[in-house]
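Quick one: the structure is below, and I'll ask about it shortly.
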């Protein structure tokens, strides 16, 4: 496949690793903040190919993992209503709320359906005018434009039986929270390439300057990730900070203006509770006033559920990069993909699930 | 060999059934939960050596011969998909389970559970498709059953087929037969069936010329058994759960490890495109006309060559080998050269956004 | 975040609401994709698609730059490990 296979070559990967080995002279801790990059790193074994001096930690880059328990419980409560068709992306279906997940809600009789695109959810609403179709709108800035257009179209076409349960989160505030934490160990970032396809990377400059860290906008294929590491380490070794763009074939400094305009039209920034981390101010998106009628939380009268975190799950430390999944005492023993104690074990992009599935043999 | 009836009180395995008071879709997905249901509920309850062998079919002595006996139920949605339908699937699936035991199919049964209100025309289409598939596999449908359930209780139609076959002397194909050093042969391009079905599923539709590979495999398997019976240790059709799940089951049953080479796994371009689009790994996607053969190393090239002579096996390839290391674990060498575990999934593989 | 896959644009049109839509081919599999955010796309372009939306056109020249960086980094490594070579310095990046 064009623009995919070229970046998965073993010889090129080896050459990139050798180049990294030749420039690294100190110990460095880098964080990637994107579930897709976690997937590539662990699946391709990149973390094992890198020199030992480089520690790669997986940040809160999986939107499915950081969606709050309260929102998942709300989605489940909605799915249980006979008039509701609850639509969701596939990877959200197995994430546990306080007591159960959407797949089990389906087993209990809830009408839960997987969709590939928010436009599919809208089409479902147009097809089933006698039902209420709710779309569980999770995602970072990459997905927000798509969800925004679905709401915009719904309003224009007067699709009154469509609404969204908005769970959007923003990346830069999370990076700021991690970097501002007194116990922060992260010295360089691989920024999420596809988020930057939408947002551009200008807003990362002040972050880099304020905290004096190199931030490299990085793609998703193995060669991209290795180059992201190379550029970040090169900057660290030269005591440089700022933003570099490894993913130039897909990212420009200003990003996609049309997408940003629609996001601003439909959404506004709000505070957001991140599962395993807590509330990060101005780190989420919610529907703006003119679109309030499409907000499922306002349309349906759902009693706010009590959030109940497993005390054993150390998702917070995992998502902040303080601990690796294999350093958690419950990992593989009491916490498995079949019996997850927290979200990073359920979503296949979650750090814990990735380590579990693609761990080292023997 | 008798075992206690199942009791949840003392369950200590990582997947106790008591964690799932209700059956979920994942219990039918072919992964860990399916295994758990079989291992902890059905096997102890029915308790027979043929069951504990965990093969696609039961091998039973009958006088001087051995017969294979198998059954499968078909609940696929949609009922009609590119390259097949529930009827053809029902015939091919059971024929293949017999073939994977090394058995020549003798006869099939067909049971229908039909929902009140189901269109007669669709039932006719399905039945005619089954008849065509059976004729194509040279196996008759000799008995059957029909039930109708209330509207709302049956999702159109469910089909069950059972099959009887005869195993020739010298043929021993069972999961526990895999040996370190054996080579793993895959008869062709994978994941076509799962992608074909997904392509017409509401909410995920896409246009593709990928058709289900639904086909009977006995006449692909027969020449190999005629010439290399002693070399063929395991035959398995990787249906739900895909190649990864099938190999994991065999590795566990035989107490061996396996290493696959990702670069050698045949996948057609369109299936790859669909899998990339949805974030699916083709190794976990269902096939309905493919066969894994685990054979002695000296005969591997010859057997792969024989398979390639059959129209259904033209893309056959040796994709890996059985090893003594990491027993019960299947590993994959990725295209960028590193080794990773190819684990059994807990439930269905779901399309992802991240 | 996030799964966005490169595909080739094979058809473009406006839907009944005036929103730009199209079909994109991924290795031969085609899917309906919304081009509201990429109105400048043309048939034959390669675009990144995420949850049914085209987000960006893939720049062919920039796509090759990945390999230029690889070569530059690799040459630098060889220069450092080869004592007889006098070459050095930063690459194109």
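When the chains are written out, they are named A, B and C in that same order, and each has its own residue count from 1.
To be clear about the criterion, a contact is a pair of C-beta atoms (placed from the backbone, for glycine too) under 8 Å apart; a residue touches a chain by one contact, two chains touch by 3 or more.
Predicted, not measured: the structure shown is a model, and the values here were computed from it.
Peer 1: Which chain lies the greatest distance away from subunit C when centres are computed from Cα atoms alone?
Peer 2: Relative to subunit C, the chain whose C-alpha centre sits farthest away is B.
Peer 1: Taking each chain's centre as the average of its Cα atoms, which chain lies closest to the overall Cα centroid?
Peer 2: Smallest offset from the overall C-alpha mean is found for A.
Peer 1: Higher C-beta contact count, B-C or A-C?
Peer 2: A-C
Peer 1: Using mean CA coordinates as chain centres, what's the subunit B-subunit C distance in Å?
Peer 2: 38
Peer 1: Report the inter-centroid distance (CA atoms only) between subunit A and subunit C in whole Å.
Peer 2: Here subunit A and subunit C have centroids separated by 21 Å.
Peer 1: Counting only residues that touch at least 2 other chains, which ones in subunit B make the list?
Peer 2: Where subunit B meets two or more other chains at a single residue, that happens at 269, 272-273, 276, 352-354.
Peer 1: Send over the residues of subunit A in touch with two or more other chains.
Peer 2: 1, 4, 34-36, 62-63, 89, 116, 120, 139, 143
Peer 1: In subunit C, which residues are in touch with two or more of the other chains?
Peer 2: 1-3, 5, 26-27, 50-51
Peer 1: Which part of subunit B faces subunit A closely enough to touch in the complex?
Peer 2: Touch residues, subunit B against subunit A: 14-15, 19, 22-26, 32-33, 202-204, 257, 269, 272-273, 276, 278, 325-326, 329, 331, 334-341, 343, 345-347, 350-354.
Peer 1: Subunit B touches which residues of subunit A in the complex?
Peer 2: Residues of subunit A touching subunit B: 1, 4, 8-10, 13-14, 34-36, 39, 42-46, 48-49, 62-64, 87, 89-91, 93-94, 103-104, 106-108, 113-116, 120, 124, 138-139, 143, 222, 336-339, 347-349, 356-362.
Peer 1: Under the touch definition given earlier, write down the residues of subunit B that touch subunit C in their complex.
Peer 2: It comes out as residues 195, 199, 206-210, 269-270, 272-274, 276-277, 279, 352-354.
Peer 1: Inside the complex, what are the residues of subunit A that reach subunit C?
Peer 2: 1-4, 6-7, 12, 15-16, 18-19, 21-23, 34-36, 61-63, 89, 116-120, 139-140, 142-143, 145-146, 149, 153, 156-157, 171, 192, 194-195, 197-198, 220, 223-224, 227, 230-231, 244, 246, 248-251, 256, 258-259, 262
Peer 1: Residue numbers of subunit C touching subunit B in their complex, please.
Peer 2: Counting only subunit C, the residues touching subunit B are 1-3, 5, 7, 23, 25-32, 49-51.
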